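Letters A, B and C mark the chains in the order given here, with residues in each chain numbered from 1 onward.
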């Protein structure tokens, strides 16, 4: 079964911590051992796992991505969000984490972040949990 | 079981839409719920899921990758394709998508693209489908 | 069951070939068909699959990442390793490979590399193998 997590972004570019929401979905599944798969069904967004302790870490990620892939350039896609598509390919749209004793196994400093690159919008993350 | 999808590239750098080929393989598997895993067994190629509606999106991705990782530079790998190896690591060589009701679940604008970074060549994508 | 592979890095930035260690863990599992999942529980490290024949390939990857994401810049995360966090998101922290006849299926030139971006440290890679 696929669960849908809704994410509301409030800025054009924003990394949103969804760790607790993913933990809740895993907890509701009652699966004690397995893998939790995350998939972003959008082309101007992404997902990443990185430090959640200091909120400045994801700000640095956003700013460096903006330096490498500027908002405005001589892009050929004319909808004004070509940079967001490129950022999506660079961070990727899927990530997984292991489940043990009913809980997702993240490192001490890790959190799961939805990467909004063309917000604000209402977005989705598809989540599938398989026992094993 | 692992299926092998053959992909023929025609340029040095080229993102090739393989969505229909993946759909066909999922359809032939007769699996109605599960996950479809894609793996590129090459070191100068990759895979990404991004917009397939406007073909200019993947052109922008290629051109920006070329700006960030130029074809020629003072690379230490002397086969003339060091940039292709670096691009491969940046886009990644694997992606998965969920299967529901016998079909892969992609977002409205999403397509699956084989990323050729050192073509033209005959390439492969390994595909594994697991029920669950 | 989750296996833990320990990796000792010796430099600040270093791509370490862990292919043989992963092969050994797959071999010990006695699983003949399935998928081997790798997950790095760190926020200043990553994982990638790329060429292992010429060791200069991963040197080029490191050097290009250093050009794109310099060690020192006006980062907001003040622990002196903001670049390592950004590099982690760009290469990613997970990768998988298929298992057939008890062996991982890699392309001719492929090896699995742990990416250290803030070493030297003792690191871990979590490995989970599922039959299927």
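Please note the rule applied: contacts are C-beta pairs under 8 Å (C-beta built on N, C-alpha and C of every residue); 3 or more make two chains touch, one makes a residue touch a chain.
From a predicted model like this one, the values you see are computed outputs, not experimental measurements.
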Query: Line, ring, star, complete or other: which describes how these chains touch one another?
result: complete
Task: For the copies chain A and chain B, give the interface type as same if over half of its residue numbers appear on both sides, and as different if under half do.
output: different
Message: For chain A versus chain B, what separation do you get between their C-alpha means, in angstrom?
response: 20
Field: In chain A, residues with contacts to at least two other chains
entry: 68, 90, 92, 130, 132
- request: In the complex, go through chain B and note every residue touching chain A.
  value: 33, 35, 48-51, 54, 56-57, 59-61, 63-64, 68, 90-92, 95-98, 100, 105-110, 130, 132
Statement: The residues of chain B that touch chain C in their complex are 2, 37, 39-43, 68-69, 73, 75-79, 82, 85-86, 88-90, 92-94, 126, 128, 130-132
